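Two complexes, one shared chain (chain A), two partners (chain B, chain C).
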Partner chain A sequence: MKKYWAIFKLQLANGFAYPGEFLGRSLMILPFMWVFYQLWRVTFAASGSEVINGLTLRSTLWYLVIAEVIELSRPRVGNTISDAVKDGSIAYILNKPYHFLGYHYSVSMADTVFRALINFVLGGAMAWLLVGPPPSFWGLLVVLPALLASWALHYCVAALIGLLAFWVEDVSAFQWIYQKLAFILGGLLIPLDFYPTWLRTIANALPFSSMTYVPARLFVEPSLMAFLTSLALQAIWLLVFVGGLSLLYRRGESALTVNGG
Partner chain B sequence: MSAITVRRLSKTFQSKRKSAGLGGSWRSLFRPEYVSVEAVREISFEMENGELLGFIGPNGAGKSTTIKMLTGILHPSGGEADVLGYCPWRERQKLAYYIGTVFGQRPQLWYHLPAIDTFTLFGKIYELEDAEVKRRIQFLAEAFEIKDLLETPVRKLSLGQRMRCEVAASLLHRPRLLLLDEPSIGLDVVAKQHIRDAIRTMSREEGVGVLLTSHDAGDLEALCHRVMIVHHGQIVYQDKVSNLKRKFLTRKTVEVRYAEEVSQDFHLEGMETLKTGRYGVKLAFNTQQVSADEVLTRLSAAGTLVDITISDPPLEEVIARIYETASVNETVGL
Partner chain C sequence: MLSHIKFLLALWKANLQSAMEYRISFLLQVFGMIANNAMYFLIWVIFFDRFKDVRGWGLGDMYVTFGVAASAFGLVSILFGNAFLLGDMITRGRLDYYLSLPRPVLLHALASRMVASGMGDFLYGFLSFAVSGSFSWGGLLRFVLAVVLAAMVFGAFLVLVQSLTFWIGSSSNLLQLAVNAMITFAIYPITLFDRAAKLILFTVIPAALMGTVPAEFARQFTWQTLAEMLLGAVVFVGLAVGLFQLGLRRYESGSAIQTEV
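Right, the complex of A and B next:
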């Protein structure tokens, strides 16, 4: 594990090489939060109620802060891995004594943690200004393991898509589908609580809710039961995806055809 | 004892073929056609521990594919290989602790960070003690003359400086075998010399074997004991470098420029004029008939020299000559 921790730390240091670029990209969360605030303020006003399906305007906006932090900071390794497979640079990672997927996980998590911190500070400040502090400060503590599990799930799906490059030439269509499913069924734009029951049932049965909805909802309404249930659900999906990823990687590795010079 | 034993190693790639135009794309969608490309064809060779072995050939000859099979990155289509007692493609991770690799066209140093950060990272990756890493960095910094470069971000180093750091980094974990894939590509004469000196020193002092691929015949002359020339995926020649030089690297070209106009008579036995101008001349000479010293003495006597370049024949020319030579044809099996 020491080597992966060292890779993580070095990539974190690498992030500091261009802090301006990181900060610039993170500013995107500010207009997003402003637009969400306007949309949900009007929605709550129109409903004539302060609480819709268990969420207030304040908890909805803080839910969206976490959902956006997850989405804007999630490991984006799909392209990195597919490019490495296609242009042959995978070969230069494979010749060191570490696991290819472990290496990419360490690198991408360093970027994720760096981006998440900046996004949370900016998005959180904006939400605080608009609707006040988060509903519960306990949420900050309990959401951390759920966030890590969420990003691990995102990593697995992105890596699975990236590894498809062993067999298909362009994986962008799969990336597009994954992103849209994560948006809709993950509860990125609208908390699943506001969905009709049948759609919520479908969404809850799929892994996308564990990637976004579960940690964001836990943040605004933390409890021991919610914490344990969330982590258990995420752990089950993680087991499924890690299994799938190892299987696909093993098959891809033997199918590797890097042309030489 | 052998560091590398290779028996009838082959690699065939399946490459998709598509006819031109929209029709071709449409047909390829439903009935894709594949062609087999034999990158490496049943090569066999041995390399002793501590040996400096050159593996040269033109682009696309199969050098890098062979190196990638020997590091375990690629699974071969046929044949066997034993590298330091391991089967590379079955025991890649174990083997990785004992080999160092440098791919001239693919930097392994982290681009935005100082080289020392990558050195420290490699220490962790190869599971070395921190104190050992420090001592090793100090030693390599002196051997490769990179002490002043280690704390500069890699992106700010010249190509030559970067390559010295790359090779030094690959030796951090004291590998028994160093696989260098085009380490001198794109380097100027001085930088090439620096790299070659450092590799030679390390090989001599630490007994590390070096398998070097290059398409620069100069790398061979300067570094290797023995050479294998690969062409179209086959080994077309393997012998001592001294024999190769004697047989095939006998013709050198020299190009000189003078400060003033010179007479055109440069005749010497074994020397041939290729191109003449008012201020300069390009000649070829056979080192078995006339020494470089004699050629230079003759040329410098003709006027004040401003510039001079001596070059080896391109590798393609050497390979063409190898094919032409009947005695070698027997080795090749043509």
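Right, the complex of A and C next:
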């Protein structure tokens, strides 16, 4: 574990070396939050009610802050891994004293944590300005483990897609579809509370809700029960995905052919 | 003028042949993007199923608006794929190649690349219009004209933002922010925004000229929307070409030897 922690710290230091670069990339959360505020302000006003399906305008906007922080900061290793497989550079990591997937996890999580901090500060400041402080400050504390589990799940799926490059030329179509599934079934743009019951049932039975909805909802309505349920659900999905990822990696490794170099 | 058109047609033909060299990958990108857009649009289907309308805007309006914006984005990606990479080309000194040839530099540089997935965006827009409930043969002609003019505004906006590279050095973060803001605002109901915001959406980030205005024109002919689109396209293309030419005087490169393939 020590070596992965060292890789994580090294990559985190890289991020601090170019804060302007990360800040520039994170600015896009501002127009997103502003347009979400406009949409939900009008929607709540039109409904004539301060609470819709258990959410107020304030909790909806803070839910969206966390959802956007997860999405905009999540590990994007699909292309990195598929490029390493396609151009053969995977061979340079295979002979190092660390695991290929562990190495990429450490690197991508360092980037994720750094980006998340900036995104949360910017998005949170915007939401605070528009609707006031978060519904509960306890949410900040309990959401941290849920966020880490969410990004670990995202990493597993992104790595699974990247590893498909062992068998297919271009994995971008898989990435688009995964991203959109995470948008819809994860409740990225609309909280799952506003979905029709049948769709909410489907979404809750799939892993995408554990990636976005579960942590974001926990943030706006924290409780011990919600905290334990969320983590248990995420742990189950993590076990499934880590198992799938190891299996696919072993099969891909045996299919690997690198010519020259 | 005629020779420029012949030159452009030859470039586009070569780009298409190049993209279709890997037939399966090309088809995967096209149909993957159609599926990607359809899945993204489900968000609006869910939203309007729950909330019915936003200040008079319904799902039918969203189909047309999303359709125009998707096709305009796709048209720029197909015909002027380098419009997304212009800033990078300026930074890396990759305009040398185009400067050494007897063709208009900007036109040649922009049209030298085709983004295959753009074909999926372009086709999806027409599908979206077809199922919007506003379809008619006259409407289809207006839709085509609206897409062309919206694409001119979008392409010009990309050139404008990236031409700033001549002065500020690197515009990759700015481009990312500008493109995201443009697309986000283009596919949200204009009725959400107040007067000041609308002014911004016609000028600084001309998203209204890529979404709402052309969509209104496709649904119903009015001289006002036609005039707004024509004026917007002429002004933004003029500004983009002017700023690029002005910036080109400041262009410097290391005279690196590069091969354009």
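Here, the second predicted complex is superposed on the first by the 259 of 261 C-alpha atoms of A that agree within 3 Å, B and C clash if a C-alpha of one lies under 4 Å from a C-alpha of the other, contacts with A are read in each partner's own complex, and residues count from 1 in each chain.
Rule of thumb we're sticking to: a contact is a pair of C-beta atoms (placed from the backbone, for glycine too) under 8 Å apart; a residue touches a chain by one contact, two chains touch by 3 or more.
Since we're looking at a predicted model, the values are computed, not measured.
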{"item": "Clash-or-fit label for the pair chain B, chain C on chain A", "value": "fit"}
{"item": "Contacts of A:P97 with chain B and chain C, given as first, second, both or neither", "value": "first"}
{"item": "Partner chain(s) touched by A:E50 [first = chain B, second = chain C, both, neither]", "value": "neither"}
{"item": "Partner chain in contact with A:S254 - chain B first, chain C second, else both or neither", "value": "first"}
{"item": "Arrangement angle, chain B at one end, chain C at the other, chain A at the vertex (C-alpha, nearest 10°)", "value": "80"}
{"item": "Touched partner set for A:M28, first chain B, second chain C, both or neither", "value": "second"}
{"item": "Most chain A residues touched (candidates chain B, chain C)", "value": "C"}
{"item": "Which superposed partner A:N14 touches (first chain B, second chain C, both, neither)", "value": "first"}
{"item": "Overlay on chain A, chain C to chain B nearest C-alpha distance, Å", "value": "5"}
{"item": "Common interface positions of chain A, toward chain B and toward chain C", "value": "none"}
{"item": "List of chain C residues in touch with chain A within their complex", "value": "22, 24-25, 28-29, 31-33, 35-36, 39-40, 42-43, 46-47, 49-51, 53-55, 117, 173-174, 176-177, 180-181, 184-185, 188-189, 191-193, 197"}
{"item": "Complex interface listing, chain B residues touching chain A", "value": "13-14, 39, 59-60, 62-68, 71-75, 92-94, 96-97, 99, 101, 103, 105-106, 108, 110, 112-113, 117-118, 120-121, 124-127, 153, 181-182, 213"}
{"item": "In the complex with chain C, residue positions of chain A that touch it", "value": "21, 24-25, 27-28, 31-32, 35, 38-39, 42-43, 46-47, 169-170, 172-174, 176-177, 179-181, 183-184, 189-190, 194-196, 199"}
{"item": "Chain B-facing residues of chain A, complex", "value": "2-3, 5-7, 10, 13-14, 17-18, 89, 91-92, 94-98, 254, 256-261"}
